[in-house]
Each structure stands twice: as structure tokens, then as C-alpha cells.
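In order of appearance the chains are A, B and C, and numbering begins at 1 in each one.
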Amino acid sequence: MPERILEVASLTKHFGGLRAVHLDLTVDARELRCLIGPNGAGKSTFFRMLSGAMRPSSGTVRFQGRDITGWDAFRIARLGMSIKFQVASVLEELSVRDNLHLAAEFRFGNREGRRRAAEMLEVVGLAERAEHPATWLSHGEKQWLEIGMASVGEPALILLDEPTAGMTAEEMKKTVRLLKRLNEVATVIVVEHDMNFIRMIAGRVTVMHQGEVFAEGSMEDIERNEGVRAIYLGKGSQYVVRR
Amino acid sequence: MSLDTAAIVVLEILNSITILVLLALGLALIFGMMRIVNLAQGEFFTAGAFTVLTAVRFAHLPLWVGMLLAPLVVAGIGIAIERLIIRRLYGRPLDVMLATWGVSLLLIGLITVIFGAVTQGIPFALGNFQVGRYSYPEYRIVMTTVAAGLMLGVYVLFRYTAFGRRARATIANPEMASAAGINTPRMFMLTFGLGAGLAGAAGAIMAPIVGVVPTMGVLYIARAFITVVVGGPVVLVGTLSSASALGFIEALISRFSLFQIETAGHCAPPPCAINIGGSAFFGQIALLIFAILLLRLLPQGISGFWRQRR
Amino acid sequence: MKRIASTETLAALLLLVPLLAVPWAFKPYTANVLAVYMIYGILALSLTLIWGYAGIMSFGQTAFFGIGAYAYGAIGLNLINRTQQTHAAVLGGLVVAAFLAAVVGYFMFYGRISDVYASIITLALTLVLFAFAVSTGGDEWVIGVARFGGFNGMFGQGESSQNIANFQIPPVTVWLPGMAQPFEFKINRESAAGYFLVLGMSVVMYLTARWLLRARLGRVAVGIRENEARVASLGYDTRFYKFALFTIAGAIAGLAGILFAAWGRFVNPDRFGLGFASSTVVYVLLGGRTSLLGGFVGAAIVGYLTSYLAEIAPFGTIPGDATPWARFLMEAGRRIVREAPLLVQGAVLVGIVLALEDGVTPPLSRLLTRYRRWAWWLLLPAVVFYFGQRVACLQADVCLF
């Protein structure tokens, strides 16, 4: 039985009186997991709670066997979880190289960090733009830079929130190759809207709806699931179990 | 402590709270509603005091007319500044701060050019009343009443009027508000004018008990800001709760000497000692220290803390 | 990279050649004035570090400047007559300023209060210190022989109450083992040592800041300014970096304060006041908040403008036969000039925020980069010639013009 890298139990977030997220989820080591669901399903909120950017109202998160619920973001990152945010948030005024260097430095120190940053420049295909400020990059390039920043510290778990938003078909293929490469050494959880992309990376899929796990399985299972189709067609309410 | 001493201490605490509420209310409104820090607020306060001075000294109007005029005049100044400067800077909170600081310096300079750098007094006719062995100025009770009235007025305005509903909608979500047909730039302008007017009212009310001088705003701005920061995001609850907490500390430390430090100075008559506590200045120091400690515990301010808990 | 480096060298030469020549090329007055601009420049540099790079606006850098100056004064006054030097005073000033910055920084950054709140807390801090310094006029406010002096500023008081001989804060005085007598860093007819101390410290602080920013601290600081949550999610404890940078900046501001107290041999509550606090922001804003040289440039420009405006006193006497209107206008003009420093600062703040966001240094350096060749072959020789001539004229009476 594979090691469980992430165990989420009854993780809940309330906004005022509204319950935005309430879910249980486990992810195995080296898995490539896709998280899908309609807008407002709570995917980004869930990610923010995992990475420490937001404190959960209740519930627990166990990462590599340790309870990290409510930890500060930087401590979670040091433990080996990294995140690419939904809105590309590269550090616009630093150069592409410095962005990667900064991401690698806390783990490997200055010199080794610089070497790893240079390697990662090749991997994400931005070597030619290394000295440009990140603000000059195109939308797709920023996404790759973020994926590079999320993976250059060799984390055990990488969270990617919509890595292909606004990409062309060609760029998306490149992103898929990049993801598979990352998955060789790390567990990856991807939030996506694009079904083509989900089919291409062919991992296990978890469907979220109204803050809860609605279904889980392979992409074929999910596509056959009547309830999931109904959600995406906007008629999901009858399938939702209200608690 | 005898009964009359206790009563006078309570009155002094009430007075401290009153002053903090007067200073902070307009500022909290602008900060809470528009998320901008208006460093020119102290000069709006000054402008209110000078309006009263002008009305009484030069136009020979009764004091109360001057006091009613002051918020209107200052609200006008505030609206002009919002139109000319702040409007261009929405979404750049730090730049707003710098620009309003510039405005603050310009206003101090301008007021000095017009009125000169001298301290002037405004005469008024109220006397004292007796509390046991102590006498206490009646005017302070008037101030407390006015402060309470202003808070009530702001509450009613935002709670029960069409303006209040629109303003709250604008604050909650400007984009949605403008989609619903609310003229959001106008709401911001009016809110800023209202905040300025409240500072003008505060300056007018306090003018008779302080020296009216172009730099008077500077003396109060620090306390006003601390009150707002400690109060947190909910305007009225925050202002009242933080003014109460800080006013309590300030009044107590101002009143009571805590301990003495003997020093080696050449005092006549000797001995030389510094009294820690027991003066208005130590009240202010205590207020700042207490505020910093409080913010370490409640970074969102008092009202932010309660809102989170709910 | 090479292009930029050589522009920097050029800029450094263009600044350093005149600055090194000043004590021999001009009267001590000029050296005195330039020294205080540089002291303000160091203060502005400390603000540039945390504001321009980490994005934390501190309205109260002057708090650390003032506390450094007062600490130097208090310790220096007590030591100078006993040990004939002020080593401990310099050290004490630095430690006190850094300590205050560390305490305030700890509460602000580990308390996670927002940046806007942090600006307000620092402003409140300097204003409360102002109120404190003003209220220390009484005889009881002494540390050893150092009187706080309230509004009039700090001075030393004779040891006995019968014979109160007041004395001033000492200049930076060094007496190392092996030296025959103590050495005072003063600026006067005989010596420009104080000037070179300030110039040297400016260069050292500038290089220190550059070195800090090239290291990890600098990258993290810029990252925090850009997107703090992102940097935290990379594994950096952003609170610590902010705290560290704030403390370092506090120490640098404290150093400027020490130099100030030693330069003017006095310190008064004005160093904590709103006017000085706003001047510091204006220096940085005018010079350019992302340029380490910007603070020095801004301090020099504002300093020069202010002293120029203070010297022109229009309508010294209003003629008796002037019409009421002319009289009114003259009086208005006179009052406006009297308030000019405040009005100029206010206008600069508003103007730069609305129009010229980067300040003057970045455009100047772009200009220099563009005409680098001309600057190397014409401007630099011209500067060297002019100052060489001034030195020759003042020192050996060889004057061309």
C-alpha cells in the first residue's frame, strides 16, 4: 500500500454564516491528482487552507504524517509543500533568474540555489529570458515560471491552481509534458477547468461541488457519472446531499 | 479613595474618551469606509478651530453659529481635496497617504500665512460645577454630549437613510454597487467630505479649551490614528471601544503618579525626582505603549477581533 | 551589466571628486553644510532600504535618528571629561537606536499588523518622542551631567550646583592606545576631519546597503514588496526579514543621528518633529525611492532650496507710502516666503505622487547612461578642472577666475 502524503479530515471554512468548504480527502505519494468542479466549488479556498495562506475554521490537515493545521505558510513550505497560485504571482520586478533563485535558495543555499535555478530555467524553457524582469513575460511564460518556482525547491507535494489558464493549445501540451516530468519525483495536485487538459494528464480525478467532495475516480468514471454531468450542466442540486 | 475623588476620576476618564472619540470619528469613517489613510485629518481639525476663530473674532458671530459653520466649511475643503487629488489615487493606498501628508503640510503653511504662527484663544462663558471638594468644567459635559450626538448621528445616517444604504453598498463592493446604478465616485466624495466635516466639528468643539494655532492638528493626529488603528475596521463600534480602552488608560496614568526616579540634577528646592505618571504627557506615552501591546494581541484591532470571533 | 557598472563608476567619480575637494576648495562653511546634507542623506538611505525595497513605509525613521542623537549626547557628555573620548557614546547611540527599532519592529511585524498600520505606528512613535523630549525641560531631567533641556536641547551641566558651567555635546573623539592625544573629528579652519568622517560614513553606508540588497535579504525584501504571500509560500519567514531589515535601517538612522549630534554639538526635540519626519520622506521621494543614491540627492536639493529660500527676505521694509493693496501683497509675499519650507515640502509630496513617481535620480542616471561618452570626456574633466582650480586658488592663490 502506497504511503499517504496528504490526509485531510473534515476540513471546514466558514465565511460569516456561509460554509465554503467541508471535505475529507487523501492523496498518495507520487500521485497526480486532478481537482475539478464548477466555479465556487471551493477549490481555491481549499488550496489556500492547505498552503497556510488561510486558516481553516475546523478540521485537520496531515502532511507526511504531521499535523500542519493552522501552520504559517512559510513553515508548511519548508516542510516540502509548494503552491502555484491561481493568479500568476511571480515577483514582477525581479528577473526570471532571481525569481527561481529565491525559490531555490531557502532550501539549497545561495550557490547551489543558483545552480538549481539555472537548471530549472532550461526545464521550463525560459533560459533565453533569464535576465528579463518577470513582468516582461507573456501570460503562458509566467505560468511556467510559477511552475518552476513551485518545483525548484524539490518539494514532496506541489499544488497547482489552474496552470493552463489562458494558454494556447500548443502551450498547454508543453505544460502537460512539464507536469508529467514533475510528477516523476513529486506528488502533484492540479486544479483545472479544462477537461481536455485533465484527459491529457490522465490522473485520478476528484470532483468538488459546493465545498464538498462529490465524486472521485478515473477520468472515465467521472465522465460517465450522471451527477457530475448534471453539476456541469447546472442541474446538480438534486444530487447534492444536504447535511 | 473618597467618593468625590472617585467621581472626578470617572469624569476625567469620560473626558479622555470624549476627546478620543471626537478626534477619531471622522478619521475612522474615512479609513473604515474608503480604506485610505488621511494624514491631513489633523489639519481639518485645525481648520474647524480656525473657522470658529474667524467667525467669533472677525465676523463677530455668536460662538454657536461659528461651531455650526465649521463642519460645513471643512466638509467643503475636504470635498475639494478629494476632487483635486485623492480621486486620482484610488487603489494606491500608500500614495494617498503621501499626498495627504503633502496636503497637511500645505494646509499648515497656508493657515500660518493667513493667521500667523501665534496661539489665539476663544473666550466662552461656561463655568465650573462642584463635585465634593473638586470643581469641574461644565464645558466638558457639553463636549461629551456633542460627541455622543455625533456618533448617534453617524449611526442613524448609515443605518436608516438612502445615503447610508448606498454608502454601505459602495464600501462592501464598489463594482457591484456601480453596476446597480450607484454613483460610486460621488459616494466616495461625500464620505470623504463627511469625514472631513466631522474633524471640523471636533476642531470647533475643542477650540475653546485649547490654544488655536496652525500646528494644533499635529498634537492630536497621533492619538487619533492610534485610536483608529486599535479600533479596527468597524467604524462606530471600533472607535467607541478603542476610545474607551485607551481613554481609560490615558486618564488614569495622567492622574496618578506611579513611582519616582531620583536624579542627580541641581533642583531648587532639592531633591530631584522624575514623577512617572501623573501628567498628561505620561498619559500619552501609556496610550501608545498600551496600543502597541494591544495590537500585538489583536492585529485586526478590537472590532476586527470581535468580527472574527463571530 | 558592464554598461551599468561603468555608469555607476562614473556617477561615483562625478560625486566623489567634488566632495573630496570641498574642504580645500571652499570655506569651512560649505563643508559644514554639505556634511549635514550627507547626514540627512544617510537617514534617507535608511528609509530607502525599508520603503523602496521592502515596501514598508516608515514615517518615523526620525525616531531612530533622534534617539541615536540623544543617546550619543547623553553618553558623550558624561564620558568626555572622564575618558577624553566618545567610543562608548557612538556604540551606545547605535545600540539604543537598533534596540528601539527591534522592539517596535518585533511588535509590528510579528503582530502581523498591516503595512498601513505600521506606517501609523512609526509616525505616532516619533510624535510621542517629540512630546517626551519637549517635556524634559525641568531640572530633574538629567542623566549624570547631561541635561535633556526640553525645547532648548541637550547640554552638559557642571558637576557642582555652585558652579554650573554648561558645556556642549562633544564631537566624535577617538583616543586609541598608542595615540599621544585624543583626536576630535571637527569641521573648522584647521581641520576637515569631521567632514571626512561624514563622507566616509556615507560611502560605507551606501556600500553596506548595496551589499545587503545584493544578498538574499535584498531579493527577499523586493519579493515582500511585490507579493508577500508568494514569498512566504516559498518558505521564507517574511516577518523575520521585515524585522531584520527594519532593525538594520533603525541602526543606520541612529548612526545618522549620532553624526548629527556630533556635527552640530547639540540635539533638540525638533529631530523628532513632524517637520523633520516629513523632510525625510520628501528627500527619498524627490531623490527616487528605489535608488540608494536618491536620498542623498533629495537631501541636497531640498537642503539647498530651503537655505536659499531662507536667505531671500523680500520686502524687508515695507515703504510707508505704499497703497493698502501693495502693502497687503508685500505682507502676503513675506509671509509666504517665511512658510516656504513647509509649502515646498507639501508641494513636492503632492506633485511627485501625482506626476513624477520615480523621483529625479532614475531619470538623471538614464541621462548619464545615454551620454556616458560625453560625460567621461567632457563633464568629468570639467569637474576635475573646476575643483582643481578652486583648490589652487584657495590654497596657493593661483586663481584663473
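Throughout what follows, contacts are C-beta pairs under 8 Å (C-beta built on N, C-alpha and C of every residue); 3 or more make two chains touch, one makes a residue touch a chain.
On a predicted model such as this, the values are computed, not experimentally measured, just so you know.
Could you find the two chains linked by the most C-beta contact pairs?
B-C
Measuring between Cα centroids, which chain is at the maximum distance from chain B?
Max centre-to-centre separation from chain B belongs to A.
So how far apart, in whole Å, are chain B and chain C when each is placed at the average of its C-alpha atoms?
Each chain's C-alpha centroid was found; their separation is 32 Å.
How many Å are there between the centre of chain A and the centre of chain C, using C-alpha atoms for each centre?
48
Taking each residue of chain B in turn, which ones touch at least two of the other chains?
Within chain B, no residue contacts more than one other chain.
Along chain C, where are the residues that touch chain B in the complex?
Per the stated touch rule, the residues are 57, 59, 104, 107-108, 110-117, 119-121, 123-125, 127-128, 131-132, 135, 138-145, 147, 157, 161, 164, 274, 278, 281, 285, 332, 335-336, 339, 342-343, 345-354.
Residues of chain C touching chain A in their complex?
216, 219-220, 222-223, 225-227, 229-238
Going by the contact rule set out above, which residues of chain A touch chain C in the complex?
Per the touch definition, chain A meets chain C at residues 51-53, 72-75, 77-78, 82-83, 85, 89-94, 98, 101-103, 105-107, 110, 149, 153.
Touching chain C in the complex: which residues of chain B?
Touch residues, chain B against chain C: 37, 85, 88-89, 93-95, 97-99, 101-110, 112-113, 116, 218, 221-223, 225-226, 228-229, 263-268, 272-274, 279, 281, 284-285, 288, 291-293, 295-297, 299.
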